[in-house]
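Listed below are the structures to be examined.
In what follows, chain A forms one complex with chain B and a second complex with chain C.
So, the complex of A and B:
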């Protein structure tokens, strides 16, 4: 703690601590580091270890090198799950992003009743995934679902099948549910970002005669970019790992049409008890994310000034 | 006359005395056998269905009789599979005994986590000589409890499937006449799969059409079957259709044998039946099927009888008492009959620290006295003992056709073949069953794909 009369420039270089207080910062972060190590790092290292071993029915036996990885990479089912997740992410996240940004811009215009509207809009995001799953099951279940029965079947919008029973529609229904659940989160995050932007540049632009569109593209968007990038990345990672709603609504079916890597990993672990291969899947997905996030980070840092 | 009365009285007295003495012997047997284990606590995991809920009322009697405390935990179908297996495979031994469905036995035996019972059965201090295993319904018992010359369990639950139809519709004079005019034979509960198909087609009607003389307020379907990914969708297809068409998953040596003309024919019928089912069939689980029947939107089904028992009750379904049951329909002209069943058992965890006390409990559960009590208290149920068919709760039950159908299934019921990779096979086949049903792939493609996937998983699939 700085003594009376001392000042420290914000963001300035940290001054060296006296020798007897050298361990103080480490002591402060120790609880979270220990927790992270125990609940995250050790399981991860053990997962990597398992991925190189034959581990069936909970018995870890021989070291088998990259066999689990080779098995997985030649398995069409693994690639199908990656395809499902990619379709899910590349449709859901951009739509959530655009709707979220548009909604945030509208909210930022001093909309009447905003104080009531914001908590209401946030409701889908606040719901537990199990509740979201059950809610949409009630809405779209074949024959008796509220929307299925009253809208889709009544007006012959769908015939001979139901949304979640159709290999062609089930994935899009899941995407729709994800958009419904996560757009409000994007909207509110962006809205918070918009509220924090300084007014000075806008006033200057107004004096210079800039129109709203020009202000958006030349002031709002550049200043908001760091937030857009971080939120977009977080949502991308989260959407790729989607499990709960898929598990509840389709279980990965019909066939394997909605089977994401998380669903497949769960199946491999808790149904087939093939823990070695499931670990390899988890490591591969982690590696892909690690590589993607690093590349994304570098690009965002250099080109968009985001970090 | 007097002489005859005296003889009858003497016989009745001797029967009562005999029964009482057997009961006294059995009671003293369990109390005596349990003496060294008095005060021990055993943990048992079982599945929650109406049958187990009734059983949970009987379990405290065991504690009184033997002094062994039982922590009896009931979980739903999926949880009992996951939690039970996880505990057994971990080697932790939290549960001394776990209920396993027949299909779980192959993987669990191959993992070496089930304790064989042979030494316990051979131990005169622990094995009840009056257990009378010959009274167990033999085929489910023998195929579930024994593998590779070892005994792993007794028999605990004889889950079985039955044919289920709306008696009020099948008996309606107008519908009967129209059916005969269209198909050339009398409308009755289906005895063959072909008849089941005709009934399904005949009763599939749109909203506004007439059904039994009344206009329909919503669409009505000729059949409802389980179609969800997982669950018992594939066993329903496999045991009731593919096997009755002469096909199978594996041959006698355990080699994959799915791509046969018989399987293709069965898959064709499976797909055709799906076209007469509600649009959400691929979402229907084994719980949804009886619910749909109970709500009166389908004419017939193949369903698990223990769930039927929960629906065909006054106050549960408006159609209670209007149902009729029958044996699982077979392919016309076949001589050998198959029917879907899941003989299930409670096994001793290999990591159990109390195998003897647990064994005494398992014997006690399978004992005739407890089984009679279970059926009587549950006002019916699914028997594991042949003698239970004669109990008043079954022999005098209102829905006699249901018990006749159950008996017919249990006469031919077998446990699933013991395949170490059963879960992987089951998962792949369940997806194929859905895709064929929905018409996403042809029956021929389904058979080929199933064979190829099976071969990827195993070339000799049995333990």
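So, the complex of A and C:
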């Protein structure tokens, strides 16, 4: 649309454009719009449609209004999944954030061999999530897992069982894997931000006698805030929707102790064949994030000069 | 801030720079490990309350020198002393320096007012010399400086919303609110519009002169240097070419380099040869011929080479009719009418010479050049050299004669 506006600007909107010139900008954005419509918009609308219908065992039948939603909201398993995701997100993301920022600050100190270090550090994030899942399954799987056998069992930390089989520990093991997987991403994003900061203010602060800690809190942090907010938000949303590593490592178990909304929706669809309720779950999660992001955006815009 | 420097900020102390040298890695294109010499044997002294204008073409090393004095760069050799105290081990934050950065270096997340206030709230605040100003006094001082620089109405804006000239004035404000032990102003008014530049040049000079601290004012504009400096240091290719009062620099530049840098337009440099003529010496270039006045002739006798360069200020040249006796023939190459005076560029046979004259095409110049030639371009005129205000330079070295 913007390009359409620019194309029309010189002559002014009042003057009629030749037909082909009018359609030209739309032609240019058509490929991406068609792709988005087919793979994103239509499935989404269909999901909303399904959530208002009785759709079980692969058959879409009657319109039932908000029944799917009502059932979902009274289901303890749904609330459990929200609780699991909240625990996951509020432990994993702050730790990834802190470790990432600390790592970025260290990288920014002209560490020797940085060019070699960065690709190595980035490896966990570059791996396919399924591979990350399988890798940690092999590392931590009970008495035959590489880490679990050599560390956890040898020092009698956990005996006779896998951490993924413990209702108390499985979620924390998943959090650990998520931190392992995503801290490098945070670190590199923050490092790129640090590299882009202007040097001038640091020189001015050096002349004014600021120490490294004051420079960090009074210069680095305020200048980096917009990036921190955006990356933090993206990671927050992404972590809430976590699926693949959980699917591989615990499948949501033991019981429902690691069942995130994504895992629950998957089970509802492909195990219980209740597509209507699963769709309602998907729509609810989307709505929650839509509202959250909008509120967050407004606050960030006003308070933090972000965006 | 330690006690010794707190005192030095109030008790005026001279800045002494001795034998500073600095190299940087040559970077792209250079061999690995190769160094590029940016400063060589820099020696300067600035008295308390004195303003030393540092001028030279861009890339001459002005900014590097300022950064070494501030403690942001370490010199490879040489010493910086402030009030007799060697600053070698003193970090930038403990030198009590007010540094105006050419790139402004404003804090992007702070408003104009907060930026101007920042040095007074800084850990090593040198606001009142002996210690920190109380907040109300600091605010008053900031108000006064913002008013002076005509940016008080912008005080709630962030630097991102300012123009280049406005940013530079915020940087100026941040410097001028301080009572430091040393002022370093790196091109402080280069991005201001001409009107404001003229106004602020005087205002800033007045303020700096009232302060006990020595000040260094760097600028690529030679005329600005002559107008603001109690003394002027000319730097070229990392070396100090000449240090002196504006009069010394203007009247007797020590080299063609200094001569080329100063003046609007700068001094004309006319290569020629010395020849014995009767009892005296004369300067000749083709048909241009000048019997040297006694003082200049005495200097010229010490020349090692007969090849010399005659320096003559554009306003000392006189335009006469082309057939006048003793005048060199030239053609008008271009003509810039300024209203009050004109700058006429003359083609002197493979050499362009600029003359600053009060004649215009309408009065005098038109008659000289002959009517009906449009701008007068291409018209023949005569050029007379004055007997005074000339400088002779040695041809091969470009050093002034006498090399005393």
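The rule is simple: the second predicted complex is superposed on the first by the 280 of 307 C-alpha atoms of A that agree within 3 Å, B and C clash if a C-alpha of one lies under 4 Å from a C-alpha of the other, contacts with A are read in each partner's own complex, and residues count from 1 in each chain.
Everything that follows uses one rule, which is that a contact is a pair of C-beta atoms (placed from the backbone, for glycine too) under 8 Å apart; a residue touches a chain by one contact, two chains touch by 3 or more.
Bear in mind that the values here come from a model prediction, so they are computed numbers and not experimental data.
When both complexes are superposed on chain A, chain B and chain C sit side by side without a clash. In the superposition on chain A, A:165 makes contact with chain B only, not with chain C.
In the superposition on chain A, A:271 contacts chain B only, with no contact to chain C. By the document's definition of touching, of the two partners only chain B reaches A:256; chain C does not. Number of chain A residues touched is higher for B, counting chain B against chain C. In the superposed model, A:20 makes contact with neither chain B nor chain C.
By the touch criterion defined above, A:59 lies against chain B but remains apart from chain C after alignment on the C-alpha atoms of chain A. In the superposition on chain A, contact is made by A:203 with chain C only, not with chain B.
When the two complexes are overlaid on their common chain A, residue A:214 makes contact with chain C while staying clear of chain B.
Nearest C-alpha atoms belonging to chain B and chain C sit 53 Å apart in the superposition, given in whole angstrom. Against chain A, the residues of chain C that register as touching in their complex are 1, 67, 70-72, 91-95, 97-99, 101, 103-109, 118-119, 122-125, 174. Against chain B, in their complex, chain A makes its touches with residues 56-59, 141-145, 148-149, 153, 158-162, 164-167, 250-256, 267, 270-274.
Across the complex, chain B meets chain A through its residues 82, 85-86, 89-91, 107, 110-111, 113, 218-219, 227-230, 275, 278-284, 292, 297, 421, 423-424, 427, 430-432, 434-435, 438, 440. Chain contact summary for the complex, chain A toward chain C: residues 198, 200-201, 203-211, 214, 218-219, 222-223, 225, 305.
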